[in-house]
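In what follows, a structure is listed as structure tokens, so that the remarks can point back to it.
Going by the order they are written in, the chains are A, B, C and D; count residues from 1 in each one.
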Amino acid sequence: MGTASVSGRGTPPAKMFASDNAAGASAEIVDAVAAVSMEAHLAYGNDPVTAAAGERVAEVFGTDVDVHCVSTGSAANSLALSALTRPWGSILCHRSAHIEVDECGGPEFFTGGAKLVLLDGDDGKIDPGELRRAVRHRAGDVHSVQPQVLSLTQATETGSVYSLDEIHTLTGIARDAGLRTHLDGARFANALVHLDVSPAEMSWRCGVDLLSFGITKNGGMTTDAVVSFDGSLRDELAFRVKRAGQLASKLRFESAQVLAYLADDLWLRNARHANMMAQRLVSGLHATSGVAVRGAAQANLVFCDLPDRVIDGLENQGYVFHHGIPEPGVARLVTSHATTTESVDGLLTAIGDLVHDDRG
Amino acid sequence: MGTASVSGRGTPPAKMFASDNAAGASAEIVDAVAAVSMEAHLAYGNDPVTAAAGERVAEVFGTDVDVHCVSTGSAANSLALSALTRPWGSILCHRSAHIEVDECGGPEFFTGGAKLVLLDGDDGKIDPGELRRAVRHRAGDVHSVQPQVLSLTQATETGSVYSLDEIHTLTGIARDAGLRTHLDGARFANALVHLDVSPAEMSWRCGVDLLSFGITKNGGMTTDAVVSFDGSLRDELAFRVKRAGQLASKLRFESAQVLAYLADDLWLRNARHANMMAQRLVSGLHATSGVAVRGAAQANLVFCDLPDRVIDGLENQGYVFHHGIPEPGVARLVTSHATTTESVDGLLTAIGDLVHDDRG
Amino acid sequence: MGTASVSGRGTPPAKMFASDNAAGASAEIVDAVAAVSMEAHLAYGNDPVTAAAGERVAEVFGTDVDVHCVSTGSAANSLALSALTRPWGSILCHRSAHIEVDECGGPEFFTGGAKLVLLDGDDGKIDPGELRRAVRHRAGDVHSVQPQVLSLTQATETGSVYSLDEIHTLTGIARDAGLRTHLDGARFANALVHLDVSPAEMSWRCGVDLLSFGITKNGGMTTDAVVSFDGSLRDELAFRVKRAGQLASKLRFESAQVLAYLADDLWLRNARHANMMAQRLVSGLHATSGVAVRGAAQANLVFCDLPDRVIDGLENQGYVFHHGIPEPGVARLVTSHATTTESVDGLLTAIGDLVHDDRG
Amino acid sequence: MGTASVSGRGTPPAKMFASDNAAGASAEIVDAVAAVSMEAHLAYGNDPVTAAAGERVAEVFGTDVDVHCVSTGSAANSLALSALTRPWGSILCHRSAHIEVDECGGPEFFTGGAKLVLLDGDDGKIDPGELRRAVRHRAGDVHSVQPQVLSLTQATETGSVYSLDEIHTLTGIARDAGLRTHLDGARFANALVHLDVSPAEMSWRCGVDLLSFGITKNGGMTTDAVVSFDGSLRDELAFRVKRAGQLASKLRFESAQVLAYLADDLWLRNARHANMMAQRLVSGLHATSGVAVRGAAQANLVFCDLPDRVIDGLENQGYVFHHGIPEPGVARLVTSHATTTESVDGLLTAIGDLVHDDRG
């Protein structure tokens, strides 16, 4: 038996709105991996592909960086947080942050038991007033964990995007209280093209120390990366990555993905496309009576209220998407680099028809 | 810029004897990854490629298994060990084991601080007498860590291969004392074809509970796997894998590698080839006066004593290999699926000429 | 210099309402420690005092128990929780629980990074509806920590006491969902005498698996204890206690405190006295116009609203107590075995005078 | 029932040679504890007894120090090591060190999984050549744990005492390679009076950064202490102590022991007495034909070869001591502050008689 027997058994791409990581990978990235597959290179990153990838990330961000390719965004987050907090520290994040709700305690494991402190704020964004209180909460009190890291998510879990000013405000509050800032950028590119700013502006120039640089969700295959703007963490990160079983022997295969991702603006093109598909979806939903879009939908996540029979109907037609987040009756529709206009229009038509039937 | 600019800058494959993970990947594996890259699938293993991979591994091993693709052999080892030992446990392994010397304390991290207890034994193999003493060492004494896991490496770090009888003896000693057995099979295939036995015979049938199933070193790209023969560990392994940041979102890309690896005996063919190249190298070295092969060289690692000037000369000619392990003057030459007879013969000629010059 | 020079420099006992652990120790306990101080015994609990203490605790609780004397209530809590949850587990507790707010992340450290999930409920008690939702929250979902332990505090941090029915209800919800129950009994005796029930009724008979048995706050010197009603945890607890540096070499000095504590109902007499002093305080405060007592005050903690000038005035007179918990203007007044009626009456008079002045 | 019923059931002090922690406590220490037992003080060290203890330790060591009373020597060791090494660090210690063989993996737990690297050396002392190799072992190699701490034991586990020159040499090797030094001083006082030097000379002046300051084995009751000579570790130690459940609420009871221990040279008198008893024992054993004393016996531990029938005979007479360390036929006899000349002479007579019988 071979792999052929399973190809094609998945969801038709046109009906997949479950997540951007449900999409396949960009052809350029697949090709880049294949291109280095016949070469012989020293393992563990001592190869020219990895060196080139590091240089390329530095060029893209316009500053010196340390880059560590890791196999998941969860690993990127946990490793970054572990380098920024001591075991008795606390990590301040939004109540909806992926590090809190979707990583099975990974940050606690990697940090040796630091505590995540949950902050509120509208639209998936941390409220500055909440943060101001939290950064000083029992500072210096030996009976309490100590605030040490601010972790932001950009774009947020609800599909909104922090403005640069908003990020500046939050990282400033953190820095003034002696905290460092981590950015969970699983959808960094989607936020970047929404804001139309440079990678530098949306990272180190607005106070980010360590970035979880998302690649997988935006057309990559098997790698995300930790990007560090703080040279003093170089050794610590290297040892932590190795110790966590995240230093790939044939690292070139990850590095090649990074290079292809950043070549010829593939990453920005992919993200622009995904966002544009989300906008197309939002526009269509706005035009559909009885359907309400929730939140900002500035990136590639669209939340909307749908009647139960519409949700059921879509699923019966083979559409795949999450619903019930954050409450029953809310559907989360995610677009990706691989989403086509036809698939969006098809979904809109299906929703329109089902809504019509539902009301009829 | 793109990836093309770095292609070809590595070591010529013909001169690479540093490690089997310095080789590229088998074309079948690269093709399999490409083949699934346009599909849309639910993430985190809820896809048909991953389901098929699990079934295929079960078929190959002839029993029910749980399979977790992880990004490195180090992760496979640490995760397996963490599922088999409590924090106050000890892991009995050979002094030269990868988990002790090459994983930066990963097993201690994943287990919450279990202790590795180092056993001696010739040719990289644990001496049964040593193990008999160790399994009972201060059992029940609250002041001491408690022996809980035996970790074997097959093929060993010195290139030897345990016979089935030898494995049976060791796992029996462990089981009788209440210990479980982990097998570090980074070079499982190389050992398997050397012994010419079935995967079942060299794993669960001789007492192995959890296997680190090596793929990367034998033609894979970005994945190794934990294979569990103990269904009672199912949940624990799943949560540990996720929590460690080792549950890939686009898991299909790992699973496709597993499928291709096991299809049409690719894994066995790759391993046979690598071993055969090592035998060819050994034969040639035996015929070279002044060069002594060390140890058994039953898999794809060849250790030999070379004069310093020969080592220098080879490096000057562009050959890449490790030396100084375990002591100065010893070279470690590793063959892989990608090693050619021409490259072995070229190396032998180079050594022969340098030895001749050295003595002249 | 000697210790004499510091004696007497503390707060006069009559003005100390900061905490029950600010009191000294019962004379019986001090005497018991002195009584064993000339004996020679094997260390680490292999002594007859420790054996007797274990038997005595079993007798008091009316069932087989394992007892581990540890140096703090925080250690008791963290050790108990670590024996009941895996690293990927979650511990469900009230938002005000000591394990969450006052132990600097100790539970996370001891458990290897389990997560505390905070539940709401009036008067410091977990609301059953909250618990019902929490025990099933994402059960079986590998992306989320898994509910594994319910941790109750009796008496609560706000001075209330769960009824037996309330405990039964909560432990039943937990047990039905597969969770175990830990009871933080830092003020176990205060709650016990308030309910006027047996130790068995308020622990294992209502579903408690592991108890942090408070001694220090109720007249002890240097020990609290973990009391386990689950024999299957015997070995695990023993190894965890040792590994945490909590197995005292001269354990007899802790065990002697346990024996004296439980002899002649000292522990119940101490708790009754402390509670009675709290009731006297509450009665007096009720009679003071302009002062509002908050919450149930069923044990030995009294919370009340005091005008700022009254708080300042008391402090100026040398009274020591916490205020600002949970908000400005709230004073927490704690009585202990050492609190006298004169000191309570003195405090009431001082408050009455200050309130009068404040209004005058 | 009360404590009286168990008094006197232990081993007669005259026949107890099992360990110095099998002895009772000095009367001065018991009295000091009793003296503070009626006072009211803020908890967690915010009391004048603790302040005085800190000042007194500083005075004794002739420098600024941070002092943390903890409940065991194991806790002191683990906490100190955790403040000096990162999780990927290694701790270099003698193969016989207590932290390796008698703490159930405590150092691994507290450090988050650092590795203990075992060094050899005669008479329980680390060989400088071994240390020189170890401090540079794979420094900077991301695949290996990194040497970060040297841990010395003074007096050693075999009863020998490092000279100041020997300590200087070892700490110098460590410091030159960037390592810090921890001293396990469970028998610090015994070594100090043997060398007849000042506490400063045997600690920070010869390169010690953190000291586990033994009290329990030398007449204390329930406390040992971490003494830090490095102010930069102040906060880290405070948070680690709390988080480990080692910050006692009624800390005064520990602090009072420290004050009494250091008052009027009690600690030095106790240690001199214990050492003198050991010397008396050694002299007597030397005079006993057929009995060989092993090692230096410079502190209060005496190892000697005894015929099996002598060992059995002593045990039959009620003597309590360890034997079989490090091999069968070796007895370990430990003296303490409570050992009397009569008890030593009694033991010598018993051994003499048994040896005579054995040979007769």
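Here is the rule we go by: a contact is a pair of C-beta atoms (placed from the backbone, for glycine too) under 8 Å apart; a residue touches a chain by one contact, two chains touch by 3 or more.
Bear in mind the structure is a predicted one, so any value in this text is a computation, not a measurement.
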Chain whose average C-alpha position is farthest from chain D's own: A
Selected interface, C-D versus A-C, where C-beta contact pairs are more numerous: C-D
Self-contact between copies chain A and chain D, residue sets same or different by half: same
Between chain A and chain C, centroid-to-centroid distance (C-alpha), Å: 43
CA centroid of chain A to CA centroid of chain D, Å: 52
CA centroid of chain C to CA centroid of chain D, Å: 33
Shared interface positions of chain D, touching two or more other chains: 87-88, 103-105, 109, 112, 142-143, 239, 242-243, 247
Pairwise touch network: line, ring, star, complete, or other: complete
Chain B residues within the chain D interface of the complex: 87-88, 90, 101-105, 108-109, 111-116, 142-145
Touching residues on chain D, where the partner in the complex is chain A: 44, 86-88, 112, 142-143, 146, 236, 238-243, 247
Residues of chain C that touch chain D when the two form their complex: 1-13, 16, 18-19, 21-25, 27, 30, 32-43, 47-49, 52, 56, 70-79, 103-106, 109-110, 216-217, 220-223, 239, 242-250, 253-254, 256, 259-260, 263-264, 320, 338
